[in-house]
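There are two complexes below, and they share chain A, which is joined by chain B in the first and by chain C in the second.
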Partner chain A sequence: MSEAPATSSIYDLGYRRYDGVRLGRRHAVAALYTHSLRTAFGLGRPATAKIVPIGLAVLTLLPALIALGVAAIASDVEIYSANGYYGYVEVILALFVAAMAPELVGRDQRQRTLTLYFSRSLLRVDYAVGKVAALTSAMLLLTLVPQALLFLGRAFAWNDFWGYTQDNWQDIPAIVGSGLLLSLTMSSLAIALACYTKRRAFATGGIIAYFVISTGVSAIVANTASGIVRKLSLLPSGFHLLRGFTLWMFDVTPTLDAQGNSNGPAGDLVVAGLDFYWYAVAAGVAIAGALYIIYRRYQTVAA
Partner chain B sequence: MLANMPMLETRALTKRYPGVTALDALDLQLDPGVIGLVGANGAGKSTLIKVMLGLLEPTSGSGQLLGFDVVTQGAELRQYVGYMPEHDCLPNDMTATDFVGHMAQISGLPRAAARERTAETLRHVGLFEERYREIKGYSTGMKQRVKLAQALVHDPRLMLLDEPTNGLDPAGRDEMLDLVKRTGREFGIAILMSSHLLGEIERVCDHLVVIEGGRLVQSAPMASFTARTGSLVVEVEAGEEQLALKLEREGLQVKREGRLLMVGLEDERPYDVIRDAVADLGLGLVRMEQRRQTLEDLFREPAAEGLEPAHV
Partner chain C sequence: MPIFWLTFRQLIGAKRTMLLASAALLPVLLALVFRSGGDQEPAHWTAQTLLAQFVVGTMLPLAALVFGTAALGSEIDDGTAVYLLSKPIPRAAILLPKLAAAVLLTAGFVLVATIVSGAIAAWGSTDGAAVLVGFSVAVVTGAVVYCALFMLLSVMTTRAFIAGLIYVFIWEGVVTRLFTGTRIFSVRQYTLGVADGVASVGNDVFKSDLSAASAVLMMVLVGVGATLLAIRRLRRFEIGETA
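And then the complex of A and B:
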């Protein structure tokens, strides 16, 4: 950059003042949301940052694509039901929030970019809202896109597209509702854990540990304890919770095996014997609690 | 808007941490300009800046920046303020363009304007060629420029720069100071810049604020400091003690630095008095010259006195 002589300054645009609009807080939140949603898939970041989120997103699609592919070749194969699909991808969804929640909230604390956000027109609570909304939206993409593919696939496989759609339209609110509740539950829980540490490894490990341990312990308790303990045993488990409210929304009761034993998480829910709507209530409580924890964190975190 | 209201005003502004009072009932009123904020490490410079930005809540007292109350009107105020923190704050795997553009939008600029301003601002800070590279490959000097760019991109009325030359080598230091100076003088953006180096402040600022232990020591235009710092260096072959006594009797301020006498220079009179005194005493005058004192000299002695109790 060469110094222009003073006489030529009329041609040198140099620094210009900005007289345009300043859109304030709401625009700032929207910009943070968009930016964070892109970050959740590694967009605007180097190629290496895309591998994990894009890879996991593809994996959530894979069971749906395989099912549709098989169904296209062998016509009498049944395609997964909408309410059972999360059983195939729940681990991938958990890995996604475990990987990306620290990316969204831990990085700004680690690199101290938080200071730059808080010294702008965002409020602290706006930051938290933008981040939770972004991860929830990313999760919605991961749940609703495969569900939409499956729905269309089943409709086409039925040979009567409109007939199938008319017969099964009532699945749509259940699909959207369960996807929304699942996305919000997993995202807010993951961010509540991740926003308390700068260390990505701790956050990711903590989130995975929560899902693995709570699932295992809850399943054991449900199948061994009795009475009220058994009834409530699955509420702390993230995976059981989302299965429970999904079954409630689709109004489906899974069957036990021939010996009357649980065969996996859906069976555990029957064994525990708690009405399925309680799992939706519990998810609501978990979301509220997680959001409060996040709120508290961002009111007090040093910037 | 700026011309007739103070840029910054604090009333009994206090920030207490457990065991430490970072700001102690600070009363300060500053008009727009390029203002230097000086103090030792821990004097409360960063705390003052952070309280004014709403990053820290004051324990008591109030503060206004550009006429906005820093506690109740923070979000609105911060649209017009740019902040360059002392510490690292850049995401290392984004490009300067992406990052500064994002920050412009967070400051409220529409997308297209943000993009345009980003390109302009990065060019202004001298980062045009490298703007599509990831920040992690940048030198310290380049990172400081990105930090300055993000504080400038939304065309603030006021920039708060916390130790902008931190970690820079002498050449980088010069460039950063020139950049700050140009931004303040040529573009009319008010600047409050903190530093623990008086020399830097002297080069850039036209008003100086000195704080110590969270209290205001001094707030005055730079010119009034430099006017008061004039002194005359007198060296004689021998008998400097006699000369010092005689000059003091004549009512001059004399300080001894080794064999040199430093004589306060408020007007032209000391020249004649010294000449006469040297002649009367029959001493050999080696030199007599005006010394361009730096602000460092002004504060060196109080600082040294402050240290003394520790030795005793």
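And then the complex of A and C:
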């Protein structure tokens, strides 16, 4: 807009153009990422918004703390192995993504702030990437911090810190790898479901319903059916998928109970009899599919 | 009565009802898978796996959560609760019909799923009929208690849905398995206790962890307690209050 003539100063509302440095698209994505990561833990929001995410984050630490308490008293007792840890906290992790994914992507649709985002240098695809990256990072904190605590705590409880580390260092790539794949799988699936609705309750319910129902159905089919149906039965199940590729990365084969029956999700995987690396492949396919769905949604969503 | 039908229409008209109806087909699918290849004893599988684990453990709480928190909670969310609460109707006469509608829909869905899938899976086994009767009674009583509990949550907090999910899947799913004494505070265990008590089949077919007497006692206590508390909370509900 051109400079207003001096005669019309009565209309001069003092509007000023921004003439600082324009930081551009990369900075916009980084800002969105940081803001979303903070939102995932309720930071910068009222105390009531912090209860659920912080509470769930503390709950994921609880088994590690219990294990350390036990290790302090009797250093040779190992109640959780690193590869079984997600088995204890998977429900908490699912609740976390179910509670926070709608918070990250639903709020902008509900309060029409998407328009504001898309009118800046941020592209639609950038928005999707920023949100998925933020939730994945939040999940990484929830998975890797307890694992690090467990590993370090056990190493300190052992008489010889370096001895323990040397004996167990090969677990570290598996811990990081499974944490990464698990975080990315759960986050992308959760956002793919959540970005299709404004209503928080529907998104939360949908995500939890997917994890719980698919796991319940798959476990029953794996222990009931036979042949090819049994073999493939656990692939659609969220929790079994996570457990399957975790076991593959740690190169562990779970044991069945004395009667040769399944004794939980790990046992179901043995009963189904599919090689564990297929679960990693399936997770890759699920992530790709979810990311594509999110991409499509943000290309067409009304801003 | 108008409030009952109003709530009934609100709940059944929504998209979620269609989703739940398709979820009700899952147990039937499982029963068909079992018929086609399962090698376990039919009555035992029907009771232990199909009905106790899947229908009572997953479907019943999810259906109750959807209907129980939506019956009053969605009106509070939308702001339409004001039109009901500002009328000279006793708050109990608002809450009770809404609870009844939620119970009717929850029990309806789960009961149909129980009977159809159970009949397919347990067809021709001697204990099948007893198991079916036991679980039919149990899911209806369970629906009442769950809905009362979730309705109480929905008048206490706007985040009733996530609170209910945490109760069902962390408390009933994980904590009661690790600390078995907490079973006395689990609606799932009450439901299974009633199923065992009514079915009265051998322990090799189905055995609940809670005795039928304590299950019934706790059901009455929790159901009545939650309803009374919800009414009390709604009486003190300030119009325009959103939290």
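Keep this in mind: the second predicted complex is superposed on the first by the 280 of 303 C-alpha atoms of A that agree within 3 Å, B and C clash if a C-alpha of one lies under 4 Å from a C-alpha of the other, contacts with A are read in each partner's own complex, and residues count from 1 in each chain.
We adopt the following convention: a contact is a pair of C-beta atoms (placed from the backbone, for glycine too) under 8 Å apart; a residue touches a chain by one contact, two chains touch by 3 or more.
Note that this is a predicted model, so its numbers are computed, not measured.
In the superposition on chain A, A:W162 makes contact with neither chain B nor chain C. The wider contact with chain A, measured as residues touched, comes from B rather than the other of chain B and chain C. Once the two complexes are overlaid on the shared chain, A:F202 sits against chain C while remaining clear of chain B.
By the document's definition of touching, of the two partners only chain C reaches A:V212; chain B does not. When both complexes are overlaid on chain A, the residue A:V91 reaches chain C alone and has no touch with chain B.
When the two structures are aligned on the shared chain, A:R45 is found in touch with chain B, with no touch to chain C. Listed in rising order, the residues of chain B touching chain A in the complex are 53-55, 74-76, 78-79, 81, 83, 85, 87-94, 98, 102-103, 105-110, 113, 117, 120, 123-124, 126, 128, 134, 150, 154-155, 183, 186-187.
Within the complex formed with chain A, the chain C residues making contact are 16, 23, 26, 29-30, 33-34, 36-38, 40, 45, 49-50, 53-54, 57-58, 62, 65-66, 69-70, 77, 159, 161-162, 165-166, 169-170, 173-174, 243.
By the touch criterion stated above, chain A contacts chain C in their complex at residues 48, 52, 59, 91-92, 95, 98-99, 200-202, 204-205, 208-209, 212-213, 216-217, 220-221, 223-227, 229.
Taken together, the chain A residues at the contact with chain B in this complex read 1, 13-18, 20-25, 27-28, 31-32, 35, 44-46, 49, 107-108, 111-113, 115-123, 303.
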